[in-house]
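Chain lettering (A, B, C, D and E) follows the sequence in which the chains are written, and residue indices restart at 1 in each chain.
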Amino acid sequence: QAGTVAEAKAKGTVVIGIQGDNAPWGFVNSSGVQDGLDADIGKAFADYLGVKAQFVPLAVANRIPALMTGKVDVLFATMGMTAERAKTIQYSKPYAGNVLSVYGPKDKKIGGYDDLKGVAVGVPKSSAMDTAISAGAKSANILRFDDDAANIQALLSGQVEVVGGNQFYGDRLNTAAPDKYEPKFDLTTLYNGAGTRPGEKDWNETINAFLDKIKADGELAKIYDKWMKREVPKFPEQLPDIPFTAQ
Amino acid sequence: MSYTLDFSAVIERLPELLLAALATIGLALAGMSLATVIGVLGVVARRSRFKLLRGLVIGFVEVIRNTPFLVQIFFIFFALPQLGVRLNPTVTAIIALALNGGAYAIEIIRGGVDAIPKGQIEAGLALGLHRGQIFRHVILKPALRTVYPSLTSQFVMLTLTTSVCTSIAAYELTSVAQKIEADTFRSFEVYFSITLLYLVISSLMMGVFALISRISFNYPVK
Amino acid sequence: MPQSTAAEVPLIALDGVGKWYGAYHALKNISLRVRKGEKIVLCGPSGSGKSTLIRCINHLEDIQEGKITVEGTTLTDSGHAIDAVRREVGMVFQSFNLFPHKTIMENCTLAPMRVKGLSKPESEEIARKYLARVRILDQADKYPAQLSGGQQQRAAIARALCMEPKAMLFDEPTSALDPEMVKEVLDTMIGLARDGMTMICVTHEMGFARQVADRVVFMASGEVIEEGPPETFFQAPRHERTRAFLGEILAHH
Amino acid sequence: MASIGPNELFFLAQGLKWTLALTLIGFVGGGIFGLIVALARTAESAALRRVTTGYIAVFQGTPLLMQLFVVYYGVALIGLNIDAWLAVAIAFTLHASAFLGEIWRGGIQAVPKGQTEAAKALGLHYVSTMKDVVLPQAFKISLPATIGFLVQLIKGTSLAAIVGFVELSRAGQIVSNQTFRPLTVFAIVGLAYFLICWPLSLWGARTERRLQTATR
Amino acid sequence: MPQSTAAEVPLIALDGVGKWYGAYHALKNISLRVRKGEKIVLCGPSGSGKSTLIRCINHLEDIQEGKITVEGTTLTDSGHAIDAVRREVGMVFQSFNLFPHKTIMENCTLAPMRVKGLSKPESEEIARKYLARVRILDQADKYPAQLSGGQQQRAAIARALCMEPKAMLFDEPTSALDPEMVKEVLDTMIGLARDGMTMICVTHEMGFARQVADRVVFMASGEVIEEGPPETFFQAPRHERTRAFLGEILAHH
């Protein structure tokens, strides 16, 4: 099981938690192998440590418990960085950015949070879209679905009028219903960081050093291009109330 | 691994949890009441002269009892709109719970009806009562009494099943708990708390069931 | 109840009745006439078809052959004929079959209200009359389980009487009772008989048969073997089968 | 975006395998402990009866999801690090033993009292009374309810996803998130459950009918 | 079985036995001595405590007062004493209580194998002996449900005999039987009595009592009211209560 960085090196494996069903971030592919942006970054991290990566596919509900009880060493689990969450876990520096938008039918006029008043808005449960819309449009009727698939299905079947989604929703909606939906407005850009147990400086420092390295040597850009089909965003030097380094 | 439990985040949002617990109780109660109605009507239909009706009820019961609740609620929520029926999550949840509980209730109540001694029905017939009257006045109450324990434990399970309604974004205890968990990442504290809340809810239900039984089945038996 | 004046018209008439359970021939060519006010005791070994016979009379079983007529109504499968017959004929079962979830009073008023459409006060009036007659009016508000076996059976008799039937069928009304309770039920039945009620009674209580029966009918294997007034039946049974049966029944008393 | 092809179906079949394995674990573990629970629940000692009553109330009164969670992560929290398999085995055993224990208690109590008395009057001891006289009859009486619970358990294994098992439902969710066809995927998943559970249900109904005609 | 030689030492002795069900006083200061080979018939109205009394003798119920001794063993709550007593005393119930999932043969061999530790062939040998004695050896491989009531009760008697008890307790062994089957069971019991078996028998079959009982014991409200040899008991009952009871029992026969 998990331990310190030194122990992981001695053992020759690092145990990495990723999401099991959140393509293209982290998911288990049809062959039962973990894949996606988080998986590739995890592999790069293992290489950086000179050990083998052992992946544990997790669900939204159990990723934090898995980390806290030491079932994994670190989480590369599509975790949007928020101040409140940072009270519980230790974030690393951000390694991915996620442009979140509201998507809706072309014939519906939605220009900003104000237009969401009383509108049924679907979001994936526990996502940053949820957090953003909850904060921005207090009087929206927010429906929280288990995952992106259910969220998109809710929009397609008319159970919600608009959805909060990430940058991949456009493609998916277009495939399902060509020319019917469009992005309405951007909510925020949310940064993902790796998660470690609070107080465990060794892991936090190692990961930050690793992230600095792959940002500098272009490896992150390669992975980013493979999965996100985008350029690596410019990461902020700091985020309010979210320390990147362990105290 | 040293993790210190810290319930402050949960306590801070306890009002939300309690409100959601009320919603869960509401869903459960609505589901159960309708399930009972479906159960009784279903048994009537299963005893009817019309073969087609009997077949439909049997099919309904088999499909519901042999597929997970999650699949059922998904279909009502996501597939029915394609037929033009669009129901909001709460209504969907209640209907799904009612259908699910109803299918079990049909089987359970039918068992009770079958267990009524044949002599009771014959006594009714000999007095000149008709089939419907016999069902209503002679069979129903004793049948419900016989199966009351199975029916209520099925209903406690139905209460716990409400947690699955979170997957169609219905407002209830588990969905609120997951929201709090996502906001704070205080997973243990949140899950421990709602486990306790569910235990309280199901104990409450049992208490209420016992009370109902004492009031409605107050006649002595040997 | 006044004794019948037109005694020659039978109240209940069975003509060549045949009944099968699947392939099993339970009743074979039964003919029986019961005049108004007549009391018939039906006896015979277990499985001889006694219960089947009286259950056919109010159509708890249907017959495949022959004809059953009650007060001029021929029992067919039509709901109408069945209703008419059941209204004229009361039935009392071995195991009482009181409705456990209803008080004795409610047991008695259910059918008058639902079948005859009487009001609640009217039905209760009638119920009180018959409960008093079987001497359990003071138990009217209890539930069946709170009564002794004998009281339950008397309640069942009262319940049947509340429909004011022209005839009563009894199927071993005392055989589920403790020995001490048999007498109170038999006394009630004797009282009914004295009042002129038409009765067909399956029983092994030979004392009762001697005392009230106009005719004893002996069945075996689905056939009526022998019938006659109790004196001749008990003293001089004609058939070997009857003699053997009477020997068994009376042996260990 | 992927479509639902042989790969996806194969993936679902893999999940199905886990579903069956988890059911087996729950049923075997729950069966053994359920018997103990049922015997304790019908024991003469009032203390033993009370303890088991509480046990049953807790495990029937909380969602299986929470039980899995508390066992797997709660135990880890107090410093015991147990394997996912073991955690699931424990949680399903606890859950199933509460339900099966209660079902079998009903069966034991439905065996007429005269049977136990006859056994006692013959001088048989507790073990022999139970093994030779009461339990064979109790199991027969409880068979339909037992099968009914087995069906519930099969469907309930879907919750093992929370500790990382990719069984049928979870596999369905994963495929649905890759193909973005939740309806089709869940129709397939529902059908798979139906095809396993239905024969069992039919068998249960048949034995129930047979029992009823036998006791008539 | 030879008649006892030391007839003065009681095989079963009850001394001042008191039994409560909660607050209900079911047995009041009962004293009774049963010598080896003696046949006792216990009778009395329903609820008088007859069943309770014989159930106490082999500790199916425990007592709160007094002492029960069987063949010198005083019945305490110790498992050892209970085992010893149950091995000496066989019991036959009103509702037979045969084990429905075992054949008649298996019903008979279960206790000899489990309690006495006999081998299967030995137990079957014994079972065949007693099944032959109650004349149902040919039914040995059937299940209870396949037998008639009378046959079932005889099987139950054989099952108890297979433990070769010193005494037999019968609790209304014929009252759940159809009239025709009563005789075959009574005959079996009469045979047992002739062979010298010690018996305590709760029954309302007064013919049987007259024929085999050494003493008839009459109970009411948990007390022994009167006892004596059948002749005096039936012809000249001393107590009003006994006379009333005998009147009831014998009235309708």
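Just so it is clear, a contact is a pair of C-beta atoms (placed from the backbone, for glycine too) under 8 Å apart; a residue touches a chain by one contact, two chains touch by 3 or more.
Just so it is clear, the model here is predicted, and its values are computed rather than measured.
Colleague: Within the chain touch network, how many edges lie on the shortest path between chain B and chain C?
Modeller: Tracing touching chains, the least step count from chain B to chain C comes to 1.
Colleague: Strictly by the touch rule at the top, which chains does chain A share as contacts with chain B?
Modeller: Shared contacts of chain A and chain B: D.
Colleague: In terms of C-beta pairs in contact, which of B-D and D-E ranks higher?
Modeller: Of B-D and D-E, more C-beta pairs in contact link B-D.
Colleague: Need the most distant chain from chain C, centre defined as the mean of C-alpha atoms.
Modeller: It is A.
Colleague: Using the average of all C-alpha atoms in each chain as its centre, how far is it in Å between chain D and chain E?
Modeller: Centres of chain D and chain E (C-alpha means) sit 45 Å apart.
Colleague: Go ahead and note the Å separation of the Cα centroids belonging to chain C and chain D.
Modeller: Here chain C and chain D have centroids separated by 52 Å.
Colleague: State, to the nearest whole Å, the distance from the C-alpha centre of chain A to the C-alpha centre of chain D.
Modeller: 36
Colleague: Would you kindly tell me how far, in whole Å, the mean C-alpha position of chain C lies from that of chain A?
Modeller: Inter-chain centre distance comes to 82 Å.
Colleague: Give the residues of chain C touching no fewer than two other chains, as numbers and ranges.
Modeller: In chain C, nothing touches at least two other chains.
Colleague: Mind pulling the residue numbers of chain A that touch at least two other chains?
Modeller: In chain A, the residues touching two or more other chains are 61-62, 65, 68-70, 146, 150, 153.
Colleague: Which parts of chain D, given as residue numbers and ranges, touch two or more other chains?
Modeller: Residues 69, 73, 76-77, 182-183 of chain D touch two or more partner chains.
Colleague: Considering every pair of chains, which are in touch?
Modeller: A-B, A-D, B-C, B-D, C-E, D-E
Colleague: Can you check the complex and tell me which residues of chain D touch chain A?
Modeller: 1-2, 7-8, 10-11, 14, 69, 72-73, 76-77, 81, 161-164, 166, 170, 173-178, 180, 182-183
Colleague: Given the complex with chain B, which residues does chain C contribute to the contact?
Modeller: 55, 58, 60, 83, 86-87, 89-91, 93, 95, 97-102, 110-111, 114-115, 143, 145-146, 156, 159-160, 163
Colleague: Spell out the residues on chain A that touch chain B in their complex, using ranges where they run on.
Modeller: 60-62, 64-65, 68-70, 82, 84-85, 87-89, 122, 125-127, 130-131, 143-146, 150, 153-154, 157-159, 197
Colleague: Hey, which residues of chain D end up touching chain B in the complex?
Modeller: On the chain D side, the touching residues are 57-58, 60-67, 69-70, 73-74, 76-77, 79, 102, 151-152, 155, 158, 169, 182-183, 186-187, 189-190, 193-194, 197-198, 201, 212.
Colleague: Could you pull out which chain B residues touch chain C in their complex?
Modeller: Interface residues on chain B, with respect to chain C: 117, 119-120, 122-123, 125-129, 133, 137-138, 141-142, 145, 217, 219-222.
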